[in-house]
Amino acid sequence: MAHSETLHISTAGNTDILDLTTEVQRVVRSSAIETGQATVFVIGSTATISTIEFEPGLVNHDIRAALEKLAPEAGRYLHEETWHDDNGHSHVRATVMGPSVALPVVGGIVPLGTWQQIVLIDFDTRPRERRIIVTVVGD
Amino acid sequence: MAHSETLHISTAGNTDILDLTTEVQRVVRSSAIETGQATVFVIGSTATISTIEFEPGLVNHDIRAALEKLAPEAGRYLHEETWHDDNGHSHVRATVMGPSVALPVVGGIVPLGTWQQIVLIDFDTRPRERRIIVTVVGD
Amino acid sequence: MAHSETLHISTAGNTDILDLTTEVQRVVRSSAIETGQATVFVIGSTATISTIEFEPGLVNHDIRAALEKLAPEAGRYLHEETWHDDNGHSHVRATVMGPSVALPVVGGIVPLGTWQQIVLIDFDTRPRERRIIVTVVGD
(Lines give C-alpha, C1' and ligand atoms only; values in the text may rest on other atoms or scores of the structure.)
Protein backbone atom coordinates (compact mmCIF):
# COMPACT_ATOMS: atom_id res chain seq x y z
CA MET A 1 0.00 0.00 0.00
CA ALA A 2 1.09 3.58 -0.64
CA HIS A 3 -0.46 6.94 0.21
CA SER A 4 0.58 10.54 -0.47
CA GLU A 5 -0.66 13.98 0.59
CA THR A 6 0.61 17.51 0.08
CA LEU A 7 0.59 19.97 2.99
CA HIS A 8 0.52 23.71 2.25
CA ILE A 9 2.37 25.68 4.92
CA SER A 10 2.91 29.46 5.14
CA THR A 11 6.23 30.44 6.71
CA ALA A 12 7.89 33.67 7.80
CA GLY A 13 11.24 32.59 6.31
CA ASN A 14 14.51 33.49 8.13
CA THR A 15 14.91 30.12 9.91
CA ASP A 16 11.24 30.00 10.88
CA ILE A 17 10.61 26.59 12.53
CA LEU A 18 7.08 25.13 12.26
CA ASP A 19 5.68 22.05 13.99
CA LEU A 20 4.24 19.57 11.44
CA THR A 21 3.66 16.68 13.85
CA THR A 22 -0.15 16.80 14.04
CA GLU A 23 -0.50 17.01 10.26
CA VAL A 24 2.00 14.20 9.60
CA GLN A 25 0.29 11.90 12.12
CA ARG A 26 -3.07 12.71 10.49
CA VAL A 27 -1.71 11.72 7.04
CA VAL A 28 -0.28 8.49 8.47
CA ARG A 29 -3.64 7.64 10.10
CA SER A 30 -5.56 8.38 6.90
CA SER A 31 -3.24 6.01 4.99
CA ALA A 32 -4.50 3.12 7.18
CA ILE A 33 -0.97 1.69 7.02
CA GLU A 34 -0.02 -0.08 10.26
CA THR A 35 3.65 -0.95 9.66
CA GLY A 36 5.96 0.82 7.24
CA GLN A 37 7.68 4.10 6.54
CA ALA A 38 6.75 7.76 6.06
CA THR A 39 8.84 10.32 4.19
CA VAL A 40 8.34 14.04 4.85
CA PHE A 41 9.92 16.14 2.07
CA VAL A 42 9.92 19.88 1.35
CA ILE A 43 9.90 21.07 -2.26
CA GLY A 44 12.57 23.75 -2.80
CA SER A 45 16.25 24.24 -2.07
CA THR A 46 16.15 26.66 0.91
CA ALA A 47 14.30 24.63 3.56
CA THR A 48 14.70 21.41 5.53
CA ILE A 49 12.73 18.83 7.54
CA SER A 50 14.02 17.41 10.83
CA THR A 51 12.90 16.67 14.39
CA ILE A 52 13.40 18.86 17.46
CA GLU A 53 12.09 19.42 20.98
CA PHE A 54 9.68 22.17 20.00
CA GLU A 55 10.29 24.73 22.75
CA PRO A 56 11.07 28.45 22.38
CA GLY A 57 14.74 28.40 23.42
CA LEU A 58 15.80 25.92 20.74
CA VAL A 59 13.30 27.13 18.13
CA ASN A 60 13.88 30.89 18.40
CA HIS A 61 17.56 31.06 19.32
CA ASP A 62 19.78 27.99 19.63
CA ILE A 63 19.36 26.39 16.19
CA ARG A 64 19.70 29.78 14.53
CA ALA A 65 22.90 30.56 16.47
CA ALA A 66 24.58 27.29 15.44
CA LEU A 67 23.67 27.70 11.78
CA GLU A 68 24.97 31.28 11.84
CA LYS A 69 28.38 29.75 12.53
CA LEU A 70 28.13 27.23 9.69
CA ALA A 71 26.67 29.61 7.09
CA PRO A 72 26.35 33.21 8.35
CA GLU A 73 23.67 35.45 6.88
CA ALA A 74 26.25 38.20 6.27
CA GLY A 75 28.89 35.83 4.80
CA ARG A 76 30.21 36.01 1.25
CA TYR A 77 28.39 33.74 -1.23
CA LEU A 78 29.10 33.46 -4.95
CA HIS A 79 25.43 32.47 -5.29
CA GLU A 80 24.49 36.01 -4.25
CA GLU A 81 27.08 37.70 -6.46
CA THR A 82 25.97 35.69 -9.50
CA TRP A 83 22.21 36.01 -9.06
CA HIS A 84 22.00 39.34 -7.16
CA ASP A 85 20.24 37.40 -4.46
CA ASP A 86 20.52 37.46 -0.65
CA ASN A 87 19.91 33.82 0.29
CA GLY A 88 23.25 32.07 -0.17
CA HIS A 89 23.25 31.06 3.50
CA SER A 90 19.71 29.64 3.09
CA HIS A 91 20.83 27.32 0.30
CA VAL A 92 23.92 26.14 2.18
CA ARG A 93 21.99 25.38 5.38
CA ALA A 94 19.30 23.49 3.43
CA THR A 95 21.79 21.35 1.50
CA VAL A 96 23.76 20.44 4.64
CA MET A 97 20.59 19.42 6.54
CA GLY A 98 18.80 17.83 3.55
CA PRO A 99 15.22 18.19 2.23
CA SER A 100 13.53 15.32 4.07
CA VAL A 101 13.26 12.97 7.00
CA ALA A 102 12.59 9.20 6.85
CA LEU A 103 10.28 8.03 9.65
CA PRO A 104 9.02 4.64 10.83
CA VAL A 105 5.31 3.77 11.06
CA VAL A 106 4.44 1.29 13.83
CA GLY A 107 0.93 0.57 15.08
CA GLY A 108 -0.46 3.10 12.61
CA ILE A 109 1.52 6.11 13.91
CA VAL A 110 5.03 7.59 13.85
CA PRO A 111 6.50 6.56 17.25
CA LEU A 112 8.09 9.86 18.33
CA GLY A 113 9.57 10.75 21.71
CA THR A 114 7.51 12.88 24.10
CA TRP A 115 9.75 15.89 23.39
CA GLN A 116 10.37 15.13 19.72
CA GLN A 117 8.40 17.00 17.06
CA ILE A 118 8.62 16.89 13.25
CA VAL A 119 9.46 20.34 11.90
CA LEU A 120 9.85 22.35 8.73
CA ILE A 121 12.68 24.90 8.94
CA ASP A 122 12.48 27.61 6.28
CA PHE A 123 15.85 29.29 5.71
CA ASP A 124 14.76 31.59 2.89
CA THR A 125 14.94 35.36 3.47
CA ARG A 126 11.26 36.07 2.91
CA PRO A 127 7.87 34.52 3.72
CA ARG A 128 7.13 31.47 1.56
CA GLU A 129 4.22 29.20 0.76
CA ARG A 130 5.75 25.73 1.10
CA ARG A 131 4.54 22.41 -0.25
CA ILE A 132 5.42 19.45 1.96
CA ILE A 133 4.95 15.97 0.49
CA VAL A 134 4.14 13.20 2.98
CA THR A 135 4.24 9.66 1.56
CA VAL A 136 3.50 6.50 3.51
CA VAL A 137 4.29 2.95 2.35
CA GLY A 138 3.77 -0.39 4.09
CA ASP A 139 1.06 -2.81 5.13
CA MET B 1 5.61 -6.51 2.75
CA ALA B 2 6.59 -4.54 5.84
CA HIS B 3 8.51 -5.46 8.99
CA SER B 4 9.47 -3.55 12.13
CA GLU B 5 11.65 -4.24 15.17
CA THR B 6 12.77 -2.14 18.13
CA LEU B 7 16.39 -2.30 19.30
CA HIS B 8 17.21 -1.38 22.91
CA ILE B 9 20.68 0.18 23.18
CA SER B 10 22.46 1.46 26.30
CA THR B 11 24.72 4.45 25.64
CA ALA B 12 27.23 6.46 27.67
CA GLY B 13 25.89 9.75 26.25
CA ASN B 14 28.33 12.61 25.46
CA THR B 15 28.64 11.85 21.73
CA ASP B 16 28.99 8.12 22.34
CA ILE B 17 29.03 6.38 18.92
CA LEU B 18 27.72 2.78 18.74
CA ASP B 19 27.87 0.38 15.80
CA LEU B 20 24.37 -0.93 14.91
CA THR B 21 25.32 -2.67 11.66
CA THR B 22 25.04 -6.30 12.81
CA GLU B 23 21.66 -5.69 14.43
CA VAL B 24 20.25 -3.78 11.43
CA GLN B 25 21.38 -6.51 9.00
CA ARG B 26 19.78 -9.11 11.27
CA VAL B 27 16.45 -7.24 11.22
CA VAL B 28 16.63 -6.93 7.42
CA ARG B 29 17.30 -10.68 7.07
CA SER B 30 14.47 -11.58 9.42
CA SER B 31 12.09 -9.46 7.30
CA ALA B 32 12.75 -11.79 4.33
CA ILE B 33 12.50 -8.71 2.08
CA GLU B 34 14.86 -8.99 -0.91
CA THR B 35 14.45 -5.54 -2.54
CA GLY B 36 13.28 -2.40 -0.80
CA GLN B 37 14.19 0.12 1.86
CA ALA B 38 15.10 0.16 5.55
CA THR B 39 14.71 3.13 7.89
CA VAL B 40 16.73 3.30 11.11
CA PHE B 41 15.27 5.91 13.48
CA VAL B 42 16.11 6.90 17.07
CA ILE B 43 13.32 7.99 19.40
CA GLY B 44 14.26 11.24 21.20
CA SER B 45 15.62 14.65 20.31
CA THR B 46 19.26 14.39 21.45
CA ALA B 47 20.61 11.57 19.24
CA THR B 48 21.15 10.79 15.57
CA ILE B 49 21.67 7.88 13.15
CA SER B 50 24.26 8.01 10.34
CA THR B 51 27.03 5.95 8.76
CA ILE B 52 30.77 6.17 9.49
CA GLU B 53 34.01 4.23 9.12
CA PHE B 54 33.90 2.77 12.63
CA GLU B 55 37.50 3.26 13.76
CA PRO B 56 38.77 4.89 16.98
CA GLY B 57 40.18 8.11 15.48
CA LEU B 58 36.89 9.22 13.92
CA VAL B 59 34.68 7.73 16.64
CA ASN B 60 36.51 9.03 19.71
CA HIS B 61 37.91 12.33 18.47
CA ASP B 62 37.25 13.69 14.98
CA ILE B 63 33.41 13.76 14.90
CA ARG B 64 33.32 15.21 18.39
CA ALA B 65 35.83 17.95 17.47
CA ALA B 66 33.82 19.07 14.43
CA LEU B 67 30.53 19.16 16.35
CA GLU B 68 32.20 21.16 19.13
CA LYS B 69 32.67 23.90 16.54
CA LEU B 70 29.05 23.78 15.37
CA ALA B 71 27.46 23.51 18.82
CA PRO B 72 30.01 23.70 21.67
CA GLU B 73 29.22 22.01 24.97
CA ALA B 74 30.10 25.19 26.87
CA GLY B 75 28.18 27.51 24.52
CA ARG B 76 25.21 29.65 25.54
CA TYR B 77 21.82 28.00 24.92
CA LEU B 78 18.42 29.49 25.77
CA HIS B 79 17.24 25.88 26.08
CA GLU B 80 19.47 25.52 29.14
CA GLU B 81 18.49 28.87 30.66
CA THR B 82 14.78 28.09 30.25
CA TRP B 83 14.80 24.50 31.50
CA HIS B 84 17.83 24.59 33.85
CA ASP B 85 19.27 21.86 31.69
CA ASP B 86 22.78 21.24 30.32
CA ASN B 87 22.09 19.64 26.95
CA GLY B 88 21.42 22.53 24.55
CA HIS B 89 24.33 21.44 22.38
CA SER B 90 22.92 17.88 22.30
CA HIS B 91 19.60 19.10 20.87
CA VAL B 92 21.25 21.33 18.27
CA ARG B 93 23.59 18.57 17.03
CA ALA B 94 20.69 16.08 16.82
CA THR B 95 18.43 18.43 14.87
CA VAL B 96 21.16 19.35 12.37
CA MET B 97 22.05 15.68 11.74
CA GLY B 98 18.47 14.35 11.88
CA PRO B 99 16.93 11.36 13.72
CA SER B 100 17.22 8.69 11.01
CA VAL B 101 18.91 7.22 7.96
CA ALA B 102 17.17 5.81 4.87
CA LEU B 103 18.93 2.71 3.51
CA PRO B 104 18.46 0.49 0.45
CA VAL B 105 17.83 -3.25 0.68
CA VAL B 106 19.23 -5.28 -2.26
CA GLY B 107 19.62 -9.05 -2.30
CA GLY B 108 18.20 -9.24 1.22
CA ILE B 109 20.86 -7.02 2.85
CA VAL B 110 21.84 -3.36 3.18
CA PRO B 111 24.71 -2.98 0.64
CA LEU B 112 27.24 -1.02 2.72
CA GLY B 113 30.85 -0.23 1.90
CA THR B 114 33.59 -2.27 3.56
CA TRP B 115 34.44 0.67 5.82
CA GLN B 116 30.91 1.95 6.28
CA GLN B 117 28.99 1.12 9.44
CA ILE B 118 25.52 2.20 10.61
CA VAL B 119 25.79 4.07 13.91
CA LEU B 120 23.79 5.63 16.71
CA ILE B 121 25.38 8.82 18.08
CA ASP B 122 24.04 9.84 21.48
CA PHE B 123 24.64 13.55 22.18
CA ASP B 124 22.87 13.67 25.54
CA THR B 125 24.93 14.52 28.62
CA ARG B 126 24.20 11.32 30.55
CA PRO B 127 23.88 7.57 29.85
CA ARG B 128 20.58 6.74 28.11
CA GLU B 129 18.55 3.65 27.24
CA ARG B 130 17.67 4.28 23.58
CA ARG B 131 14.95 2.74 21.47
CA ILE B 132 15.89 2.40 17.79
CA ILE B 133 13.11 1.54 15.37
CA VAL B 134 14.14 -0.40 12.25
CA THR B 135 11.46 -0.74 9.57
CA VAL B 136 11.85 -2.60 6.29
CA VAL B 137 9.46 -2.35 3.32
CA GLY B 138 9.63 -3.97 -0.12
CA ASP B 139 9.26 -7.33 -1.85
CA MET C 1 6.22 -3.28 -5.66
CA ALA C 2 9.94 -2.63 -5.26
CA HIS C 3 12.66 -1.76 -7.75
CA SER C 4 16.41 -1.17 -7.43
CA GLU C 5 19.19 0.02 -9.75
CA THR C 6 22.85 0.85 -9.24
CA LEU C 7 24.33 3.97 -10.86
CA HIS C 8 28.08 4.09 -11.54
CA ILE C 9 29.41 7.64 -11.26
CA SER C 10 32.99 8.88 -11.75
CA THR C 11 33.90 11.82 -9.52
CA ALA C 12 36.88 14.16 -9.18
CA GLY C 13 36.73 13.95 -5.34
CA ASN C 14 37.50 17.07 -3.25
CA THR C 15 33.84 18.08 -2.69
CA ASP C 16 32.95 17.44 -6.34
CA ILE C 17 29.16 17.91 -6.69
CA LEU C 18 27.37 15.93 -9.45
CA ASP C 19 23.76 16.25 -10.61
CA LEU C 20 21.97 12.86 -10.42
CA THR C 21 18.44 14.15 -11.11
CA THR C 22 18.00 12.82 -14.65
CA GLU C 23 19.26 9.36 -13.70
CA VAL C 24 17.12 9.15 -10.54
CA GLN C 25 13.97 10.21 -12.43
CA ARG C 26 14.77 7.59 -15.09
CA VAL C 27 15.01 4.86 -12.43
CA VAL C 28 11.73 5.99 -10.86
CA ARG C 29 10.00 5.90 -14.28
CA SER C 30 11.39 2.47 -15.08
CA SER C 31 10.01 1.16 -11.74
CA ALA C 32 6.46 1.98 -12.97
CA ILE C 33 5.63 2.94 -9.37
CA GLU C 34 3.13 5.83 -9.26
CA THR C 35 2.98 6.58 -5.50
CA GLY C 36 5.66 5.75 -2.98
CA GLN C 37 9.21 6.53 -1.94
CA ALA C 38 12.69 6.52 -3.47
CA THR C 39 15.94 6.25 -1.53
CA VAL C 40 19.20 7.44 -3.09
CA PHE C 41 22.22 6.06 -1.18
CA VAL C 42 25.96 6.24 -1.80
CA ILE C 43 28.14 3.28 -0.83
CA GLY C 44 31.20 4.44 1.14
CA SER C 45 31.95 6.68 4.10
CA THR C 46 33.36 9.81 2.39
CA ALA C 47 30.41 11.00 0.27
CA THR C 48 26.83 12.20 0.71
CA ILE C 49 23.55 12.63 -1.18
CA SER C 50 21.41 15.78 -0.84
CA THR C 51 19.52 18.33 -2.93
CA ILE C 52 20.76 21.75 -4.08
CA GLU C 53 20.08 24.47 -6.62
CA PHE C 54 22.66 23.23 -9.12
CA GLU C 55 24.36 26.48 -10.12
CA PRO C 56 28.11 27.26 -10.18
CA GLY C 57 28.24 29.66 -7.21
CA LEU C 58 26.83 27.16 -4.71
CA VAL C 59 28.39 24.10 -6.35
CA ASN C 60 31.95 25.39 -6.80
CA HIS C 61 32.34 27.71 -3.83
CA ASP C 62 29.64 28.22 -1.21
CA ILE C 63 29.07 24.63 0.00
CA ARG C 64 32.80 24.03 0.09
CA ALA C 65 33.41 27.22 2.12
CA ALA C 66 30.84 26.27 4.77
CA LEU C 67 32.17 22.72 5.14
CA GLU C 68 35.72 24.07 5.44
CA LYS C 69 34.53 25.73 8.66
CA LEU C 70 32.93 22.55 10.03
CA ALA C 71 35.75 20.17 9.05
CA PRO C 72 38.74 21.96 7.46
CA GLU C 73 40.94 20.07 5.03
CA ALA C 74 44.06 21.14 6.92
CA GLY C 75 42.61 20.39 10.38
CA ARG C 76 43.98 17.80 12.79
CA TYR C 77 42.31 14.37 12.55
CA LEU C 78 43.23 11.28 14.57
CA HIS C 79 41.91 9.29 11.60
CA GLU C 80 44.83 10.61 9.54
CA GLU C 81 47.42 10.07 12.28
CA THR C 82 46.24 6.47 12.81
CA TRP C 83 45.93 5.43 9.17
CA HIS C 84 48.50 7.76 7.52
CA ASP C 85 45.64 9.02 5.44
CA ASP C 86 44.62 12.53 4.34
CA ASN C 87 40.83 12.33 4.32
CA GLY C 88 39.74 12.88 7.92
CA HIS C 89 37.71 15.93 6.86
CA SER C 90 36.02 13.83 4.14
CA HIS C 91 34.78 11.30 6.69
CA VAL C 92 33.53 13.96 9.11
CA ARG C 93 31.61 15.86 6.41
CA ALA C 94 30.04 12.64 5.12
CA THR C 95 28.91 11.46 8.55
CA VAL C 96 27.39 14.84 9.45
CA MET C 97 25.45 15.03 6.15
CA GLY C 98 24.57 11.32 5.96
CA PRO C 99 24.82 8.77 3.10
CA SER C 100 21.33 9.11 1.60
CA VAL C 101 18.23 11.11 0.86
CA ALA C 102 14.61 9.89 1.19
CA LEU C 103 12.37 11.19 -1.59
CA PRO C 104 8.64 11.00 -2.36
CA VAL C 105 7.27 9.52 -5.58
CA VAL C 106 3.99 11.09 -6.76
CA GLY C 107 2.47 10.64 -10.21
CA GLY C 108 5.40 8.45 -11.21
CA ILE C 109 8.13 11.04 -10.58
CA VAL C 110 10.02 12.71 -7.73
CA PRO C 111 8.26 16.10 -7.33
CA LEU C 112 11.28 18.44 -7.06
CA GLY C 113 11.32 22.22 -7.13
CA THR C 114 12.38 23.98 -10.33
CA TRP C 115 15.72 24.89 -8.76
CA GLN C 116 16.17 21.71 -6.74
CA GLN C 117 18.45 18.98 -8.03
CA ILE C 118 19.48 15.64 -6.46
CA VAL C 119 23.27 15.53 -6.04
CA LEU C 120 26.15 13.31 -5.05
CA ILE C 121 28.89 15.18 -3.16
CA ASP C 122 32.20 13.34 -3.04
CA PHE C 123 34.40 14.54 -0.18
CA ASP C 124 37.26 12.10 -0.73
CA THR C 125 40.68 13.51 -1.66
CA ARG C 126 41.04 11.68 -4.97
CA PRO C 127 38.87 10.71 -7.96
CA ARG C 128 36.51 7.84 -7.14
CA GLU C 129 34.20 5.44 -8.98
CA ARG C 130 31.02 5.62 -6.89
CA ARG C 131 28.13 3.20 -6.71
CA ILE C 132 24.79 4.88 -5.99
CA ILE C 133 21.86 2.62 -5.09
CA VAL C 134 18.41 3.90 -6.04
CA THR C 135 15.49 1.92 -4.60
CA VAL C 136 11.82 2.67 -5.22
CA VAL C 137 8.90 1.17 -3.26
CA GLY C 138 5.15 1.79 -3.54
CA ASP C 139 2.19 1.11 -5.83
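Order of writing sets the labels: A, B and C. Residues in every chain begin at 1.
The rule is short, and it goes like this: a residue touches a chain if its C-beta (ideal position, glycine included) is under 8 Å from a C-beta of that chain, and two chains touch if they have at least 3 such contacts.
Because the structure is a prediction, the values reported are computed rather than measured.
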Shared interface numbering between chain B and chain A [over half = same, under half = different]: different
Cα-superposition angle relating the copies chain C and chain A, to nearest 5°: 120
Distance from the mean Cα position of chain B to that of chain A, given in whole angstrom: 19
Residues of chain A whose C-beta touches two or more other chains: 37, 39, 69-70, 96, 98, 101-102, 137
Footprint of chain C on chain B - complex, ascending: 33, 35-37, 39, 50-53, 55-58, 60-63, 65-67, 69-70, 96-98, 101-106, 111-113, 115-116, 137-139
Chain B partner contacts - residues on chain C that touch it in the complex: 1-4, 6, 37, 39, 41, 43-45, 69-71, 75-83, 88, 91-92, 94-96, 98-102, 133-135, 137
